[in-house]
Amino acid sequence: MTRRIEVGCDFIYDSAVATPTIFQVQPSPSPVVTHVVESWTAQPTMDLRSYVDVYGNRCTRVVLPAGRSSFRYAAEVEVPDTTEDFDLYAPEVAPDDLPDDVLVYTLPSRYCLPDVLANEAWTLFGDVAPGYGRVQAICDHVNQHLTFQYGSSTAWSTAADVNSTRLGVCRDYTHLAISFCRALNIPARYVFGYLPDIDVAVEQVEMDFAAWMQVWLGDRWWTFDPRNNVRRKGRVLIGVGRDAADVAMATTFGGPILASMHVTARDIPQQ
Amino acid sequence: MTRRIEVGCDFIYDSAVATPTIFQVQPSPSPVVTHVVESWTAQPTMDLRSYVDVYGNRCTRVVLPAGRSSFRYAAEVEVPDTTEDFDLYAPEVAPDDLPDDVLVYTLPSRYCLPDVLANEAWTLFGDVAPGYGRVQAICDHVNQHLTFQYGSSTAWSTAADVNSTRLGVCRDYTHLAISFCRALNIPARYVFGYLPDIDVAVEQVEMDFAAWMQVWLGDRWWTFDPRNNVRRKGRVLIGVGRDAADVAMATTFGGPILASMHVTARDIPQQ
Amino acid sequence: MTRRIEVGCDFIYDSAVATPTIFQVQPSPSPVVTHVVESWTAQPTMDLRSYVDVYGNRCTRVVLPAGRSSFRYAAEVEVPDTTEDFDLYAPEVAPDDLPDDVLVYTLPSRYCLPDVLANEAWTLFGDVAPGYGRVQAICDHVNQHLTFQYGSSTAWSTAADVNSTRLGVCRDYTHLAISFCRALNIPARYVFGYLPDIDVAVEQVEMDFAAWMQVWLGDRWWTFDPRNNVRRKGRVLIGVGRDAADVAMATTFGGPILASMHVTARDIPQQ
Amino acid sequence: MTRRIEVGCDFIYDSAVATPTIFQVQPSPSPVVTHVVESWTAQPTMDLRSYVDVYGNRCTRVVLPAGRSSFRYAAEVEVPDTTEDFDLYAPEVAPDDLPDDVLVYTLPSRYCLPDVLANEAWTLFGDVAPGYGRVQAICDHVNQHLTFQYGSSTAWSTAADVNSTRLGVCRDYTHLAISFCRALNIPARYVFGYLPDIDVAVEQVEMDFAAWMQVWLGDRWWTFDPRNNVRRKGRVLIGVGRDAADVAMATTFGGPILASMHVTARDIPQQ
């Protein structure tokens, strides 16, 4: 049983000079997300070149021309009509038994500071029984510890900064929860994607990209969302990485002005 | 009923050049601390000039000569043979009713960051009944939150830094507790002094200067010690200020090497 | 020969609850600034209580009522029709010869970090001939090093932060220049005031309070303005302190919304 | 014409509990470095498991047993008897023309903050002619800007921190130079390795691992060493990564005490 959703985004940029840019807006290939249709629109026309980065993410390289340009990505995808799975019994894995390629997700990174927050993590969660429940305890804590407030953090705010101010947006919630997991030697990575409001009562706000995390327990990655802290239907993952420095809707080599941005992620009503 | 204690310190410095220095080592005049005898010894001889700073502290200006110099201060004082007083019913004072001259102790300073830690303070203590008990709750929290560890913080570590790392020494405990008080609009100031181990079982460690805080409740300053978090006998206050930047045993205008330092603060056995 | 200028400000606040507030908006008594007329207007009526803080600043305590309130201060003052004085030969004072009461202005404070920036200061200015010219060299450097940009710094940005980002507003320029002076053992303090555009060609921007600094050379404080870096006519000083934490147009004990603010500082054309 | 050098290291650890650890001590496979012999010695015996991380580095997984353990790696390698190559005409590559897999080295990371230092980079180097010479200008600047001092920075110090304090060790020099390169959209990565003193007059100090950087110019990575800032013979690269968080001689999942460490990197005299 699946559900069809529409995802996408459009940007308008004003650039003083031609600006090389990397977009990460395309749903990641996945067993559970099926692409039905997909379209790119750019005005003026730009060459698009795709590649897959070191984390396996689909990236699109483009050069924004000088002047005003607009860029639109739209897709319809099919997702399972079920809330994401979980396993309360999924165990933490001893560091020595972690697969080689997940070890990188135990290290500190630009915004995630398990080194600085090590004592905080061990004091708060050191006595909690290891496993899925401990990661859930981290999410519960972060969800309570922080208050969501637009503009309360900046592009440079680290997990330690927002741990002090107790204010942040979804990327900050995610950075803090990731930092705690890594401090406990639990691999955790940052996810960036579309999060439609399927069967969820939410305040009516302008849709935005969403950030959440994946945590390695047992033999796979599990989804946790310290910001919303409920299981959801229909997450459409765009990219994963060590933190928000690795996955961004747009990484620009230059300083274009983002004149407007809209994000779409919505259920397509079924006849 | 009083008790006589011996306080003092000696320093040896190696200076490349003559170095103006301000010492703050002398017990502050006080109704409860009586100076019996006092001596200064410097080698080679140096001119000492005293003044009282903006906070009312007794400071001594001296120029350390080039080469090795030593400096010694010793005093005998009489202090009450009672633990410091407290009043569980001392009330917080509405900001509008605070005396003009304590208002400065509600502001942020070099190491005390009530601005950064405002949400932390209000979340932890906003619902605690105002008054002496709330300040005690702050001390209890800080005492638990931090772990004492020499070398875990630096001369630049702020209250927000140690709140994240959960490690510090007595000045860090004090800076953090002061930050929480100020965030709640409770005036709090940093105290630097001698703390003998009168009638207290303590580990045998090299004696050092101690830092604690005073908090304005009702109509006066009250002593709180977030590091030790017990009431003590025989505190001998040297100076008060906004934080450790204001009161230091030695502020040097240059970079002499402190070759050794010893601090004395001990009960004089009574015949 | 004097000139008459009009200074003042008006604020509108929306407060959820009655909010004790300290305003610093009144020109500081001075031999060169003569008050002609002065008026306070508050809506609704509020009690005003004046006091002088530890730095000698005139402060006004008030309680903003719940709901919307407005507050207006206006004054006419006479100032000399001359640019501020200077003395290229004013010498730095050896730390040992500094007056007791200026020593506090050599210490680090909330936003001014001579400790962190000590090497930067000595490397850049250690070989510059001491005296007025060295302080001017600091101002020239800071004026070039930073780029003025509204919104580039926050209420928490220190001198070290803006030294890295090279972006700031007038308070940041001042904090950075003060930090360099103090690192060199030159007393420097933060000034907050009105700065009319007398005989100066300036861009037409919304008037705001201005920040500059005073530096102790010879036997007095001298005015330096690292943001504008030119001598001006008609500075009307409101307050001085260690940094912007000490002197602010409004220090509120609570979180009222500042709905609007206007600042006036202008030459009154003479008939 | 080659030269034979001996590289290696030995550690002694005291662990409270069995501690999973990743060592990065083995020279990286390379066209110019030939392994002659290689030996691992561990006391007590430990299982070694090798893997190659996401950056292509050879890593060795091991579990340090509880109690005292020692670990030794030794190798003889042949390296060219020539100083490392360079090309003053190697050009910067427009971001749009960079290979996909080097793009990651333009992003901020744990210790390298091109975002925070962007203005600093563009102000200092924006007008320098692009290419090899500009990267050399960055190295010259960093080499001058910082003063080498053991203990002046911590495991948490970022490039922005040491840019302010002007003090650091080789990793800090490298982080700062990398940050400037990335800010200018020049890919730069951190290198960790052995650096013997071949044909170089150096002070006699305890040998340590060394850090330097590689920068992408033209169609390949070039070696730059902001700490020593001279071309050298015989660098033996162990690992590359975004910064020191990615490549470390030992990443431990737990807190063993490093009781001693010795590093060897020396010319083997030829008969």
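Think of it as A, B, C and D in the order they're written, each chain with its own count starting at 1.
The rule is short, and it goes like this: a contact is a pair of C-beta atoms (placed from the backbone, for glycine too) under 8 Å apart; a residue touches a chain by one contact, two chains touch by 3 or more.
Molecules present, by chain and UniProt name: A, B, C, D = Transglutaminase family protein.
All values reported here derive from a predicted model rather than from experimental measurement.
Asks: Between A-B, B-C or C-D, which repeats the contact pattern of A-D in over half of its pairs?
Replies: Of the listed pairs A-B, B-C or C-D, the one copying the A-D interface is B-C.
Asks: Do the two copies chain A and chain B share over half of their interface residue numbers, or under half; same or different?
Replies: Both copies, chain A as well as chain B, present the same residues to each other, with over half of the numbers appearing on both sides.
Asks: List the centre-to-centre spacing of chain B and chain C in whole Å, with centres computed as mean CA coordinates.
Replies: Once rounded, the distance between the two centres reads 31 Å.
Asks: What is the distance, in whole Å, between the centres of chain C and chain D, each centre taken as the mean of its C-alpha atoms?
Replies: 46
Asks: Using the average of all C-alpha atoms in each chain as its centre, how far is it in Å between chain A and chain C?
Replies: Averaging C-alpha atoms per chain gives centres 43 Å apart.
Asks: I need the residues of chain C touching at least two other chains; which ones are they?
Replies: Answer for chain C, listing residues that touch two or more other chains: 116.
Asks: If every chain is a node and every touching pair an edge, decide which shape results: line, ring, star, complete or other.
Replies: ring
Asks: Let me know each pair of chains that touch one another.
Replies: Those chain pairs which touch are A-B, A-D, B-C, C-D.
Asks: Quick check: in the complex, which residue numbers of chain C touch chain D?
Replies: 116-120, 123, 145, 147, 160, 163-167
Asks: Note which residues of chain A are touching chain D in the complex, please.
Replies: 20, 22, 51-54, 59, 61, 63, 94-96, 100-101, 103-104, 106-110, 113, 115-116, 155-156, 185, 245-246, 251, 253
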